[in-house]
Amino acid sequence: MIDWLSPEEWTAVGLSLKVALTAMAASVLPGIAVALILERGRFWGRQVLDVLVHLPLVLPPVVVGYFLLLGFGRRGPIGALLDEQFGIVFSFRWTGAALACAIMGFPLLVRAIRLSIEAVDRKLEDAAGTLGAHPVFVFFAVTLPLILPGILAGMVLSFAKAMGEFGATITFVSNIPGETQTLPSAIYTFTQVPGGEAGALRLTLVSIAVSVAALLASEWMARRVRRRLAA
Amino acid sequence: MIDWLSPEEWTAVGLSLKVALTAMAASVLPGIAVALILERGRFWGRQVLDVLVHLPLVLPPVVVGYFLLLGFGRRGPIGALLDEQFGIVFSFRWTGAALACAIMGFPLLVRAIRLSIEAVDRKLEDAAGTLGAHPVFVFFAVTLPLILPGILAGMVLSFAKAMGEFGATITFVSNIPGETQTLPSAIYTFTQVPGGEAGALRLTLVSIAVSVAALLASEWMARRVRRRLAA
Amino acid sequence: MSLDVDIRHGQGDFTLHAAFRSEGRLTALFGPSGSGKTTLVNAIGGLIRPSEGRIEVNGRVLVDTRRGIFVPKHRRRIGYVFQEGRLFPHLSVRQNLLFGRWFTPRDQRKASFDAVVDLLGIGHLLTRRPATLSGGEKQRVAIGRALLADPQLLLMDEPLASLDEARKAEIYPYLERLRDEGGVPIVLVSHSVAEIARLATSIVVLSEGRVRASGPAAEILMHGNLLPQPDRGEAGALVETRVAGHDEVYDLTYLEAKGGILTVPRLPLPMGAHLRLRLRARDIILSLHAPEGLSALNALPAIVVAIDEPDGAGVDVALDCAGDALVARLTRKSVETLGLAPGLPVHAIIKSIAFDQEALARMPPADEL
Amino acid sequence: MSLDVDIRHGQGDFTLHAAFRSEGRLTALFGPSGSGKTTLVNAIGGLIRPSEGRIEVNGRVLVDTRRGIFVPKHRRRIGYVFQEGRLFPHLSVRQNLLFGRWFTPRDQRKASFDAVVDLLGIGHLLTRRPATLSGGEKQRVAIGRALLADPQLLLMDEPLASLDEARKAEIYPYLERLRDEGGVPIVLVSHSVAEIARLATSIVVLSEGRVRASGPAAEILMHGNLLPQPDRGEAGALVETRVAGHDEVYDLTYLEAKGGILTVPRLPLPMGAHLRLRLRARDIILSLHAPEGLSALNALPAIVVAIDEPDGAGVDVALDCAGDALVARLTRKSVETLGLAPGLPVHAIIKSIAFDQEALARMPPADEL
Amino acid sequence: AQTKPVLVFAAASLKNALDEIGAAWTRESGRKVTISYAGSNALAKQLEAGAPADIFVSADLNWMDYAASKDLVRPDTRVNLLGNALVLVAPKDSTVQVDIRPGIDLAAALGSGRLAMGNVDAVPAGRYGRAALEKLGAWEGVKDKVAQAENVRTALLFVSRGEAPLGIVYKTDVASDQNVKVVAEFPADTYPPIVYPVARLKASDNPDAQAFLNFLRSKPAKALFEKQGFTFVDKPATGS
């Protein structure tokens, strides 16, 4: 198996995992927050936020990457700000790949969490309130555990999307081996050369293997969570 | 507004809508079925099916498109079969674009429906059973209405994804104006030539507008469904 | 009519091992919280598959694990009023009520929608969704839904628990009619002895998953010691009577029992109607002499048959009232003071007003008591 | 202690317009299904925001729409036992029970976990999840959860509806103690007059969203006509008594009322303990002479004070028993036969055994009755 | 008579030129042409899968050869139609000076920045750029500093947005972008000739296909191609 992939390909596999996990982890909290706002909020800009969250899904990934470049690039307003203030640089870094993946997976994450929030019986939150729990506590002690299945599902989607994302990534942070060349980029490269099918297939199988592992892990976790709720 | 887009671009907008709606509509029933099987089924191949459903998410769209080309192309095994038996042709037709979009959006659709199925109180299904309802009737009279929010959410995701999908589409059915050139493909083409930014931006805005309309419509429907359930 | 159960089922640490046979039209399940009543009803309704055993209703085998028989719930033609309502949240009250109709052959639709809706007082709720109903309203809709399914077996798990007396008083006669005329066996879970005394023809007492006692209602209720301690005060005799006449002036009805005439507040029943009277042991006062100058209108001559084992301060005294068995619960002190002993003639005094609503029950056909 | 409510709230076609003031430690809400009891409790608990009005508990303004005051529910320090349980499905029974503890300052934690768990008999359920509990078990956990929050206002919406008598008998004394010693006002919704008679110090009768009657429990219960028809039989006097002695031989306790000594089954109470006795109007027989040769141990001399308007066959006869007001429900026929009229001396006969569990209540401090 | 439009599969980078030429041909002949733009690789694979195209215009020889090897094109119709040149670009405000000669130290000019190129294995512009740098002996020095883009337009974008201080792109790409300037042009002998081959496909049964192919090689087309910066080669060839 080790021989099966070149060292560079192994690097791409590792990088992909790193990027996907980072993207997933980094988007969970904002995802929960946005889902809450969209599902429970009653303010004017709700619809706008809703549309914004969906944009990465609606637009071709290349366009998303392009916008990311405009916004988060070295000379982009946000990118420049982050660089100056916090020394955070996205351009041509794996962090940029993670950002692109996080954004591409965000609508999926948010939607899954929203569905779970919708299913929460608000009477339980009321009950917690009567027992003296501040709404923030209620959220952490009641709502959050109840929406765990949705969060998990969202994370699975986000991770899977990140494993497959490449349009936005390559447009935003290019395809630098060891830095931003994720599995999909590597696969893509293979598809661009005549006779690259074998290589593409090889990496595709690796990608599938990783995802199968992730899926099984997530299903296992989901089953545990569900069992906690049901029995 | 009419002047704003060329006739060809209007065609692309219309085609995109047709493709997205078709993809969404065609995948709803299989989506519900697969979600049910994955959520309720207890057979051996469940995990395999689960992985299969997620593949379009995990793989780069180009790879999915390539597999589609191999499988459903004029010379692909499935494509040839469908052509001979039913006269259904996908290759280089808008139907192929719809197929590609449907498949790309399928994991999103299924996941949303699964989350809803998970939230259904099975005791209600039991209650319907005691009243004499056959499990099939129970599904249609109880389960289905209760998972409607999830189905709607899944359809939104599927539609949005279809509006933005291009990697698999362009790889599978190319980019033929009037037949397979959807909005994202058109946008992509613009990004490939000097001075194409303005055109890309224009089409991007159109795409956003369409999606906003779709989103608002879906939210409105979701609110109606939810109100029916809650109040 | 018969209900034959012999099952074993485990869930967690709890094991239900229930074996009983009830010939009654309405079998009441009685027992403390957690004793397995709902589990038993679920087994009869097909919601759980007992790990072992047999269930037979009116000769139809619903479950027989040895022969591998398990009739799925939707083929059992049951109406189940769940302990927790389980209304369909997406359907209006009307749609909830009519849900079971879909599966009842047209010629078997006996329950009248309007009558049931009227009975339950839910006419003004028909277009509402369950989420907006009050607790009692939900329960009433759940009862209606089960009744309108025209079931061949009615399972009711504490159906009246959160209803007010007025509503119960309206529902009881309906259930009685269903029991007596519908030919539908009913299984009723209830914590109220009064309710059971009024409705049940058979009683199964459960405790910790076992059947502690089972038999005809009259028998079980007669002997307080078959009931849990705090319910013993509710024990008493069930006496068959006939309407012998009405007193229009005083709004009274005269009932003829074997031992004599009993006077009760006016009942809307025709002459000759059969009525089952519950005479609670604790409501009966014994007198050595025929009472005089007493406000109580009913005094039946009786003979002391037996004096039970004392149970704290109280003791059950069994009486024979010209063929009707009565039981009076007295203090040991009274028994001694009056010198009661088997064979002693006494008078059983019962206030006419004491026959509360629940105590006046339409009588099921005689063969069932 | 006081509860002052004057609110208006509409939901759908229903409007609650409730105005009453209760000085009682335990205010019982009584009324038919759909009359607005839960809505009222929700308003007090802060779950709904009344469209208009004021709610004040013990001098603390919880709601005053005119002054724009609305204390959010988590600041009200309430313990709410919901009509439908509402246990947290993801938490174990123990975690459910302890949920409110997080928000109780350590020095205000009075309810003992072990005591409450014991009282409710849920010790064996602590590690279970709510989904596996029986209906009654859920309800008990819900009660425990509210009690263990050490609330400053306890709201209980039909908390005992699906519990058996044995369990209720164990819980009543606890609630009495809470009422009398905890200094916690309690609002209790119940359909059982017996329960209310035992526990309530004030009663609010609701009907169709309006307050039909409200006042001290003794007053409301004395006059059957303030209660809905089928509950009238449950009306009766609440009499204050003191434990005057025990009879160890016959397992009896002697209670001293103003009008004389009453004999009841042995109570586990010390000499001198105060006890509130409910004497149901329908349990009292009047005799023109001192009874002889009767099994009933209690016969109090009394004077007929008034004879109420008749209500069907029955009529309430108000008695003065050396200062204790009693009421007896007789048939009109008896009243005429005996020639009862105001001023006539009679004997009120009550079976000792008839004081059922529920009728023997610990007495709240005198100023409350 | 209304005949089926000629279906052209063309590399996406030719969109501007071919759109105009298609329109011109329609004006002139009254016949229609439909052009599907995508990556040359995707198009080639689609042809292999039986795409009903009449003409294939590839952005490099590789994919035309691939199509030829699958026996998809009519060898006699194959023409090397266009040429292009490779340039080194920098952001407009850049002060960097590079003189392209053997042994140049591009790495020094890049500093900590990266060199934006098309994918050096897959994208033609990337492959040509790499060949040029290898020939100049500069590849080893910069190979770890290359930011490979999915296509040459993105490489240009990196420079245009200031992400990369230098980039290697086609001459045709630079014209319309105000934010970049050409630092130097690679000598034509440092990289294999950049060729856009065109051919009619075996599967083509549209009688107009040949006419359009001829039009592509005509004077009016030449002008339009040159307007977009391409060099007009029009040399029959049989692959490399």
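General observations
By letter and in written order, the chains are A, B, C, D and E; residue numbering begins at 1 in each of them.
Assume contacts are C-beta pairs under 8 Å (C-beta built on N, C-alpha and C of every residue); 3 or more make two chains touch, one makes a residue touch a chain.
Molecules present, by chain and UniProt name: A, B = Molybdenum transport system permease; C, D = Molybdate transport system ATP-binding protein.
None of the values given here were measured: they were computed from a predicted structure.
The fewest steps needed to get from subunit B to subunit E, moving only between touching chains, is 1.
Set against the C-alpha centre of subunit D, every other chain centre is closer than that of E.
Seen from the C-alpha centroid of subunit A, the farthest chain centroid is that of C. Between the CA-based centres of subunit A and subunit D the separation comes to 57 Å, rounded to the whole angstrom. Chain centres here are Cα averages; for subunit C and subunit E they lie 91 Å apart.
The distance from the centre of subunit A to the centre of subunit C, with each centre set as the mean of the Cα atoms, comes to 61 Å. Counting partner chains per residue, subunit A has residues 62, 66, 167, 188, 191 touching two or more of them. Multi-chain contact residues, meaning those touching two or more other chains, occur in subunit D at positions 84, 132.
Listed by chain label, the pairs that touch are A-B, A-D, A-E, B-C, B-E, C-D. Residues of subunit C that touch subunit B in their complex: 45-47, 72-80, 82, 84, 86, 88-91, 99-100, 102-104, 129, 131-132, 145-146, 149, 155. Residues of subunit B touching subunit A in their complex: 47, 50-51, 54-63, 66, 107-108, 111-112, 114-116, 118-119, 149-150, 153, 156-157, 160-161, 163-167, 184, 187-188, 191, 200, 204, 207-208, 211-212, 215-216, 219, 226. Contact residues of subunit A toward subunit D in the complex are 123-124, 126-135, 137-138, 141-142, 145-146, 228-231.
Touching subunit B in their complex are the following residues of subunit E: 7, 9, 12-16, 34-38, 42-43, 45-46, 49-52, 151, 153, 172-177, 228. Subunit A makes touch with subunit E in their complex at residues 62, 66, 69-70, 73-76, 91-92, 167, 170-171, 174-176, 188-189, 191-194, 196.
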